[in-house]
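Going in written order, the chains are labelled A, B, C and D, and every chain counts its residues from 1.
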Amino acid sequence: MNTIGNKFRVSIFGESHGPVIGVTVDGVLPGIPLSVEDFTQDLSRRKAGALGTTPRIEADAPEILSGVYEGHTTGAPLTVIFRNENTRSEDYEAFRKNPRPGHADFTANLKYGGYNDPRGGGQFSGRLTLGIVAAGVIAKKMMYFAKFNAVLKEVGGLTDAEKWPEALKAAAADGDSLGGVVECVVEGLPIGLGEPFWDSVEGVLSHAVFAIPGVRGIEFGDGFEAARMRGSEHIDLFPEHKCCHGEHEEGHHCHHDDPDHECCHG
Amino acid sequence: MNTIGNKFRVSIFGESHGPVIGVTVDGVLPGIPLSVEDFTQDLSRRKAGALGTTPRIEADAPEILSGVYEGHTTGAPLTVIFRNENTRSEDYEAFRKNPRPGHADFTANLKYGGYNDPRGGGQFSGRLTLGIVAAGVIAKKMMYFAKFNAVLKEVGGLTDAEKWPEALKAAAADGDSLGGVVECVVEGLPIGLGEPFWDSVEGVLSHAVFAIPGVRGIEFGDGFEAARMRGSEHIDLFPEHKCCHGEHEEGHHCHHDDPDHECCHG
Amino acid sequence: MNTIGNKFRVSIFGESHGPVIGVTVDGVLPGIPLSVEDFTQDLSRRKAGALGTTPRIEADAPEILSGVYEGHTTGAPLTVIFRNENTRSEDYEAFRKNPRPGHADFTANLKYGGYNDPRGGGQFSGRLTLGIVAAGVIAKKMMYFAKFNAVLKEVGGLTDAEKWPEALKAAAADGDSLGGVVECVVEGLPIGLGEPFWDSVEGVLSHAVFAIPGVRGIEFGDGFEAARMRGSEHIDLFPEHKCCHGEHEEGHHCHHDDPDHECCHG
Amino acid sequence: MNTIGNKFRVSIFGESHGPVIGVTVDGVLPGIPLSVEDFTQDLSRRKAGALGTTPRIEADAPEILSGVYEGHTTGAPLTVIFRNENTRSEDYEAFRKNPRPGHADFTANLKYGGYNDPRGGGQFSGRLTLGIVAAGVIAKKMMYFAKFNAVLKEVGGLTDAEKWPEALKAAAADGDSLGGVVECVVEGLPIGLGEPFWDSVEGVLSHAVFAIPGVRGIEFGDGFEAARMRGSEHIDLFPEHKCCHGEHEEGHHCHHDDPDHECCHG
């Protein structure tokens, strides 16, 4: 399905070498100041051309087709498109015969009976993430009370950012590529965000994140490290929650199920 | 939202110490043989009482309320309930004042204005996963062409299963708990499963998996290890896809974007 | 799909002669006083046994399986079931060979490959509306600010209620049945209820209403009569909206598209 | 919500006087021949300029932004836009102070806190139905096995089409408008279309139809007339279903619930 979300619904359309990449966001609050300039910063972080990214350079200039009037969101569905310009005229039909491993070429050709747009991966291209970035810009404006910070933490297994350029150059020289890890910290979320049973914050976020081509894993909090911790290490103490006997250090806690246990009467 | 899925929709209801835990599955194919015995094996794998699990013992006998007629699914919504029997009469209201860290007590109390059912975690109890298991039994019957195998791979950081009993006993003696890692292998899935843009197999599965209390991370394929691989290591070669120069070993491959590259004319 | 709604989601399950008819409502506000007695009045209006209704008599005693704790809704999915008692042991399999016209027998048999529950219409029985009534009781509690009043306006083409008993008896004597028209007036709805583009109040209500077996039409406001009115007759004047020249009577109005038309400067 | 549908999902965007009116259709089968010319016939039926329609004339030339490659649908989300050209520069802000009765001006202004696009009704304009027509063209191509025929049956209460021009001219001369009734006949639908409990064909269709501004009622089959019929008149006999005693005429039938009734052994 090309739509995700319940209150804030994001619908993606477009192909890598078609006329446009686009996104329609429904559920936008009215009255939010929004102009094409608001997209610049986040789009530039996604932008191609930097070391280790695709060499395809595009202007990526957003065009607002609906949902904004006199510089403010109207509350109506908000559509943003990006025109594809740097589209090459190669014989992409060859992808049908020689599908690229690690890409959707083979699967898409089968799934759509040979009618999928093969140019640059069509709808499976990483270029579609332009729509995610645009929707994220709007989402962040609606969630003005929260701070979002996503940073690259690891490239090719290296956590020291100073070593990344060399590693990337070496991989590129071999016609190869490197993986990476991104960490995103969000502060200021309201207590109780997410909805049981299925729509935990973790569940909803991971559903969306795996739409980004190439993502292979996602962790929350301590992530897989939690599997190697004891419960007493992993547990989050409430700030005001003190263990009465003072036997435990901060960040550690006995975690009885019994509310009457003497340890729990902070 | 208590419902997940599009063609196969799973709705969960019930509380840990309420009358029942239940699940309604919509989109079940008609004509599948189904009896309460079909749930036994998977329910027993989830069952409490084993070393390292909750000591709460329940019969967990499924009761089919709808969707089955004369031993076959009818295609109508299929509801299965499990009666809660081993419910304790403790003063769970104390959880409101002394919420357990690492549980939903605090958040639920705030989110529902003090009206949530606090007994045993209410709707946030791990006991709700009974409904997931029941839905999974039905799903596996519908996907008769595939094989599902989920196994415990790691307990408390130990991959050697023979060391688990000792580690669990030691943790239990300390009133503590251990984390774990489960691996699930599915074979026989049809090519092209999942739907772009948002509903990749990874996205949809992870959405569901994070509903299981305590899950902190999920990986597919090589998972986070992929971030430490070069593209040439991570890539899946098509079985028939041979690199023409024979320069690369099996499992490794140059991955050009150029379909006319001589290397790619298998 | 057995679920309808976005914020307030109603999932129906059960068959006419299965163990239960049930409904799960998700999105219920926490803290609403609710007991089985709250369902009595509306259930009794639906109840069989009155002149012109099905002779099948049931206790229709609601049983709350989840979502209520200490007399208040918890905010968790709320499931109500009704046990089927008056189930007859006839050879309903004969319906497969001799499907009743005007019923789902024929279609269901084909659609579900002969696996549908044929007893009393199975999931297509009017008895499933028990779930709608139960959900409605909860909905009305949440919409305490509004007044709902549904009344029977017409039976067998007769608007004079005093003539209905005779007409019903005459039809029954012939082994026949009569149609009817129900009018529902809702007062106190907030301005702006409904969501564009698709989820107008009319669209969402009609979607739900046609789930009631036998409904053949729905109208809002003047309904089909509006098609026979001129726009000037059909239009709703705003109470404070006066035509400046006093040329029009109350309830009629010129309706220019031009906001600068002198008539429109109230 | 701006999206409707489950397998075939239609998302509308745009405003009457914004840059475009658009629609994205997800769930389109791949391999269907589609060009802008395919939209011409149905768009021309909707087109303004005819007697009794809005005088606003637009080219209404569809532009396909995604989902079509080399003249065939790809299976990817298919977006069609229509540029708005004939937009007037009037002071539509006056609509905020003097909202037009029978329009969304007043409600939208309140609902969106004065940020809605007031020009020509914004997202509430009848012009948005361009998106419905475009989606309908695609839907009909997918349902090649069915025939759709929608015709105007009544204008201003007149069923004789020859009298319509005069009635329309008379109303227009008075600055007034007339209502109408449209009948749509669909042939060739597969048996069992629609899904219980909520998604009957009637429910799903009516949900969509009420998105068309001005629609006040919808009927299926005999519609409200059914309320004035006896069951024996309203009932649809199966073609091969003969009443054994020959006592009933074609189209009429006793409708017992008892499958063993002698009358029912066709």
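Keep this in mind: contacts are C-beta pairs under 8 Å (C-beta built on N, C-alpha and C of every residue); 3 or more make two chains touch, one makes a residue touch a chain.
Small disclaimer: the values here were computed from a predicted structure and weren't measured.
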{"item": "Option in B-D, C-D or A-C whose residue-number contact pairs overlap A-B by over half", "value": "C-D"}
{"item": "Pair joined by more contacting C-beta pairs (B-D or A-D)", "value": "A-D"}
{"item": "Identity of the chain that, by mean CA position, is farthest from chain C", "value": "A"}
{"item": "Distance from chain D to chain C - Cα centre to Cα centre, in angstrom", "value": "23"}
{"item": "Distance from the mean Cα position of chain D to that of chain B, given in whole angstrom", "value": "42"}
{"item": "Separation of mean Cα positions, chain D and chain A [Å, integer]", "value": "37"}
{"item": "Where chain A touches two or more other chains, by residue", "value": "1-3, 6, 12, 76-77, 111, 123, 196-197"}
{"item": "Residue numbers on chain A that touch chain C, as the complex places them", "value": "6, 76-77, 196-197"}
{"item": "Contact set on chain C toward chain B in their complex", "value": "1-3, 9, 11-15, 18-20, 22, 24, 26-27, 30-31, 64-67, 69, 72-79, 81, 111-117, 119, 122-123"}
{"item": "In the complex with chain D, residue positions of chain C that touch it", "value": "1-4, 6, 12, 90-92, 94-95, 98-102, 106-108, 110-111, 123-124, 128, 154, 156-157, 171, 174-181, 191-192, 195-200, 202-204, 206-211, 215-224, 226-232, 234-238, 241, 253-260, 264-266"}
